[in-house]
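Shared between the two complexes below is subunit A, which pairs with subunit B and subunit C, respectively.
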Partner chain A sequence: MKDLYLVYKNLTRKKMRLFLTTFAIFIAFLIFGAIMTLRGALNSGVEMSADNRLVVVHKTNFTNPLPYSYVNKTQAIEGVKQVTHANWFGGYYQEPANQVVTFAVEPESYLAVYPELVIEPEQRKAWLNNQASILVGERIALANGWKVGDRIPLSSNIFSHKEGGQTWDFVIEGIFRGAEQKTDTSYLLFHYKYFKETQSWGGDSIGWLILTTEDAAMNESVAKAIDNNFANSNAETDTSTEQAFNKAFIEQIGNIGLIIFGVVFMAFFTILIVVGNTMVLAIRERTAEIAVLKTLGFASIRIFKMVLIESCLLAFLGGLLGLGGAYLLIQGASENLARFLPNLVLDQNILLQALGYMLLLGLITGIAPAISALKLNIITAFNRG
Partner chain B sequence: MSNLMSQSTAVIVMNIRSLPRRLWMSLAMVFASAVVVAILLAFLAMAKGFEATMQSAGSDDVAFFMRTGSAAELNSSASREQVNLIENAPGILKDEQGPLVSPELYVIVDGVKKSTQQEANIPLRGLSQRGVDMRNGFTLTAGRMFTPGTDELIVGAGILREFDGFDLGQEIRFGKYTWKVVGVFSTGGNVFESELWADAKVIQNLYNRGSSYQTVRARIGSSDDLTAINEYLESEPRLTHEVQTESAYFATQGKSLEYMAIFGWVISSIMALGALAGALNTMYTSVSDRSMEIATLRAIGFSSLSAFIGTMVEAMTLAVIGSLVGALAAFIFFDGMNASTLGGSFTQVVFSFQLTSELFIQGITLALIIGFVSGFFPAWRAARVPVIVAFQSAR
Partner chain C sequence: MSNQNLFELNQVAKRFTKGKETISIFQDLNMQIKDGDFLAIMGPSGSGKTTLLNLLGGVDQPTEGQITFDGQRIDNLSESQLAKWRANNIGFIFQFYNLMPMLNAARNVELPLLLTNLSRSERQKQVKIALELVGLSDRADHMPSEMSGGQQQRVAIARAVVSDPKFLLCDEPTGDLDRQTADEILQTLQLLNEKFGKTIVMVTHDPSAAKFAKQTVHLNKGEFVKAEELSA
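Presenting the complex of A and B:
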């Protein structure tokens, strides 16, 4: 107990330095927490993908359409449990800049393939029964202030409505939540049949197929069977697991993602180096005092521990405050970024990593002065001081 | 005045010469401001490079027609009939063969990125010789032009650099069809170099596009002609298109990485606060380290202002050295760095980071702010502490 009091006194002897050092550590972990969360959000599509879900797209590129007949043909392939399909609508709300991810889907099978989308049973029924209605993800509803029963105009930057213009009027019949915190709910779903009947181009083509296999172990053989089935047709296919597809999609953002995270990590470590340097010097200054403590009969190992505890305390003080700051920042930003990013979650992984870095910072900055304190010869120390 | 000058000079020299005593603290401050500057410059250079790649693609004397509300070339559409109507618009220049108009279409195909070995979207643009002539600075750097009516294509220099399998003479399969690379072209580093070009009619055939196109480019005398064209578009009910200069279109597209610059400022400002905390520590240490000297100088008649200036100059010097190191590092590592990302039309845009002198000045300004603030408060203390207290605390 007395030792802790000494540690406390040492920490607070120069209030200004304590404040500045804590603040720098605070900033470092604020950046760390925020950036790791952002990265987690970008990768959540990969992380949250189901292991028995496959995506079938046009071989030339996933933006090219597939014939509608592929739905039934694929369903007939062995090992396929449930097939559904989706079309990219190019949706936006009021302003072209206010893009809203919108898919035209076959409602029942889509919900079967994505069991992580949770809806109240009566809302589900209402959406299935009303062709001109839309199902809204919780996050996007929150971002735009939409409620069940609202009528919203939704425009497309690709398609035109049969009756002129590019705006569809939808009534919101339901709002879906995610089974897990990280499940993406920042998009809209509406009936493919209604889409087909109301858009001016006509034609019976779909954007891509999503299917579940009987067993994840069959993924590879099912994917091969599908691609072989459509080989040499007018629309050859490319089937991959949902995870691989999402990963490839994220990587389209390209090396700028890598550069950003690289640069920010450099920033994090720089601050730690600068701060660590200050902390080491702060303890070095006290050589004479440590000699006094030793003269008074403090065991070397006890002083060693005290020095380490002091540096670790400082690291955790600033670090935890920084993580707390990052948490608050994310809470604030999450809603504003609902249109661009899936849910921002500062999860356990990030927390553990941050705690690890704090401990490392405390140990590395404390170890050198602690060892020299351990070995300190009282006579030489007094001579020097 | 000259007295103050000589006093300050003396103090500055003393401060600088005592730097080795505080070597690690001073280096920490230099290092911190260097990294802050380097990070800011990295983000700014990224946004700048992307913007330049887009903006240099557009010309003022090309009118660009897109379907209203489509926002990007990919989403636009124009039927053969609509293209004919656009050809009749007023203000479009003509030559012996008719109006200078280029209807174009756009198919997205997969290419394998060299860096990740993953597939990424590349635009395969269908156009005619007329369209090629509308691109300023177009040159074939190798091979020859594609022959109309065949499955030959030419590949942009950016694609060649970032993607596998597009070397001259190679055959590439996109889905069911095989294309042959017969030429490599450059357009002076702009976004068109991130594209593949082939004959429009062949693409219509192979990709079930019938006779329809997506966008139309037309040569005009000057951007003043747009008013007449706009009136024409509004009076013609069969046209659902809007017109702007090509340069205006690409200027908008170039803004899509602007958030990077903003993000860069936010990150580096937060970092600067952290660096500031470190720098203040350094400078306070410097003042307490020199408190004996400061007190002595003050006792023998040096003004407190000279103590203030001495400390300020020390802080600013360290920050400026740091910013120069940071700027140099940013220049070495980031200037000209090749990157590619998804652009507005959902395809890869290959671009290079660009560090301009204007960006350097922004970086150095940030470092000067850090230097000023981190010098000011410790300098204030150096100037204000009564001589007697300074002697006591030094002992």
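Presenting the complex of A and C:
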């Protein structure tokens, strides 16, 4: 503790150098925080997938519809616990730019398959009993200032209302929360039956099936059985685990993992060189001072520790500022991107990883100058000076 | 000055290897420094003055022979033991002051006390006394860059005495100062020797500076010689 003042004075002795080095580390951790949060948001669907949940889509393209009869046929397959289905509504609120993820679902079975959606019992009852009502996710309700009892117009960019136009009026009967922080609550659910009755075209088809199996160990056999069952039909199916489905969906953008790794690696590699070089120069400039400290009786190992503490402090200073910047950036962005990236959250895992990287950065950039300080011979140092 | 030897050098040899060549600085050097002495060591460049100072200060080890300080051998101590020994027993005063440029005078003086178990308030008290002793209590908050050479050297003296070591080693302490300031510094050293009983060894090129010491020895090619031999 007594040496901390000395470390602090050494760290702050050249203000411009401190600013520039801190700024470089700040940028690296800003990028790290923002990109890792983005990756977390993109992967949250994958992470939150249930082990025993499967998704059945049209084999040709998941946007192609499936016959409604598949619901009961699938329910009859051995190992299937509960089947539900969903249709993409293509919804928007007030204007096309305000897209709102909306599904037409069979309410009871959907809530059974997604137990992580938490609803107050009376709201659940009200939604089930009112076909012209809508169940709203907490996040999207907050973003739009909606509350239970509100009437909202919801338009579709795909379907038309039987009575003309493309807008449906719904009353909000319930707002669902997520069982966990990362549970997606940025979408709306309404009754499939009401959807079929009020739309002008579309027939008796569903978008996709979601089902749970009796046991996750049965996933593969159940998926095979479903696809075999509908083989050689007009609508062949492709069944996969929800996790695999979500992952494949995300990877349409590209290999996210590789992109993230590339960006973070480049940022850190550059910073490593910049900070490492700065530390080496800073310690070399202080050769005579280190020799004086040793002459006064400071043990070499103590000076070694002081150099390492200095480099770690520098890494933590820039790193924490960078994370703070990333937090503010994400806070700002999450409000605007809530519809597309509902789980844009700088979570504890990212913070812990970042702290680990800060420590690593401090140790790596400090170790070479610390060793040279440790080995510094007093006489050689004074002769050099 | 007591009759007791503070330092004893017996048959000390010091050799350096430079490439394939071995350079001998001392061979069979014997020396005693009495407790309370103020000794000036003079001699031409390359005579071994600084090497002798390094050996006495425990920053270098002899190739052969024994060095005893206050009855304890220091030539066989490890690097960390020597560091501890230096912190407890020796105060260093350098030609170019060697103050930490980012610390004010008080913090510079406090440095040796960081190696003790004293509390912050006890350290501050000691620092105040040391700065008063060298007449710089009003400059405690000044940075080295804000002080003259003479003032910086006084801070260095305060740093050397703050932990109350028995022995002060001065390497050309007035080499970078004008005559008047040099005399003031030397008077301070004299005061430390006479009033506070510090044993002082000072290496100097300056005969005027050596006059402030109780005795002067001359070193030439690694051997103590008489002054007449040196000039001849």
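Criterion: the second predicted complex is superposed on the first by the 368 of 385 C-alpha atoms of A that agree within 3 Å, B and C clash if a C-alpha of one lies under 4 Å from a C-alpha of the other, contacts with A are read in each partner's own complex, and residues count from 1 in each chain.
The rule we apply is simple: a residue touches a chain if its C-beta (ideal position, glycine included) is under 8 Å from a C-beta of that chain, and two chains touch if they have at least 3 such contacts.
Small disclaimer: the values here were computed from a predicted structure and weren't measured.
Student: Please indicate which partner A:Val263 is in contact with in the superposed arrangement: first for subunit B, second for subunit C, both, or neither.
Tutor: A:Val263 sits against subunit B, while subunit C stays out of touch.
Student: So, does A:Ile379 touch the first partner subunit B, the second partner subunit C, both, or neither?
Tutor: A:Ile379 contacts subunit C only, not subunit B.
Student: With the two structures laid over each other on chain A, which partner does A:Asn349 touch: subunit B (first), subunit C (second), both, or neither?
Tutor: Once the two structures are laid over each other on A, A:Asn349 reaches no partner at all.
Student: Regarding the shared-chain residue A:Gln94, is it in contact with subunit B (first), subunit C (second), both, or neither?
Tutor: Neither partner.
Student: Once the structures are superposed on A, label A:Asp3 by its partner contacts, choosing first (subunit B), second (subunit C), both or neither.
Tutor: In the superposed model, A:Asp3 contacts subunit C only, not subunit B.
Student: Tell me the contact category for A:Gly297 with respect to subunit B and subunit C: first, second, both or neither.
Tutor: In the superposed model, A:Gly297 contacts subunit C only, not subunit B.
Student: Could you say whether A:Ser221 touches subunit B, subunit C, both of them, or neither, answering first, second, both or neither?
Tutor: Touch partners of A:Ser221: none, neither subunit B nor subunit C.
Student: A:Arg13 contacts which: subunit B (first), subunit C (second), both, neither?
Tutor: Touch partner of A:Arg13: subunit C, not subunit B.
Student: Tell me, which parts of subunit A touch subunit B in their complex?
Tutor: Residues 16-17, 20-21, 23-24, 27-28, 30-31, 58-61, 63-64, 90, 96, 155, 157-158, 160, 166, 232-236, 247-248, 251-256, 259-260, 263-264, 266-267, 270-271, 273-275, 277-278, 281 of subunit A touch subunit B in their complex.
Student: Given the complex with subunit A, which residues does subunit C contribute to the contact?
Tutor: Touch list, subunit C to subunit A: 54, 57, 59-60, 79-80, 83-88, 90, 92, 94, 98, 100-103, 107, 111-112, 114-115, 159.
Student: Show me the residue ranges of subunit A that touch subunit C in the complex, using the header's touch definition.
Tutor: 2-3, 5-6, 9-10, 12-13, 288-289, 292-301, 378-379
Student: Mind listing the subunit B positions that touch subunit A in their complex?
Tutor: Listed in rising order, the residues are 24-25, 28-29, 31-32, 35-36, 39, 42-43, 46, 69-72, 74-75, 107-110, 113, 115-116, 118-121, 174-176, 207-208, 240, 260, 263, 267, 270-271, 273-275, 277-278, 280-282, 284-285, 337, 339-342, 346, 348.
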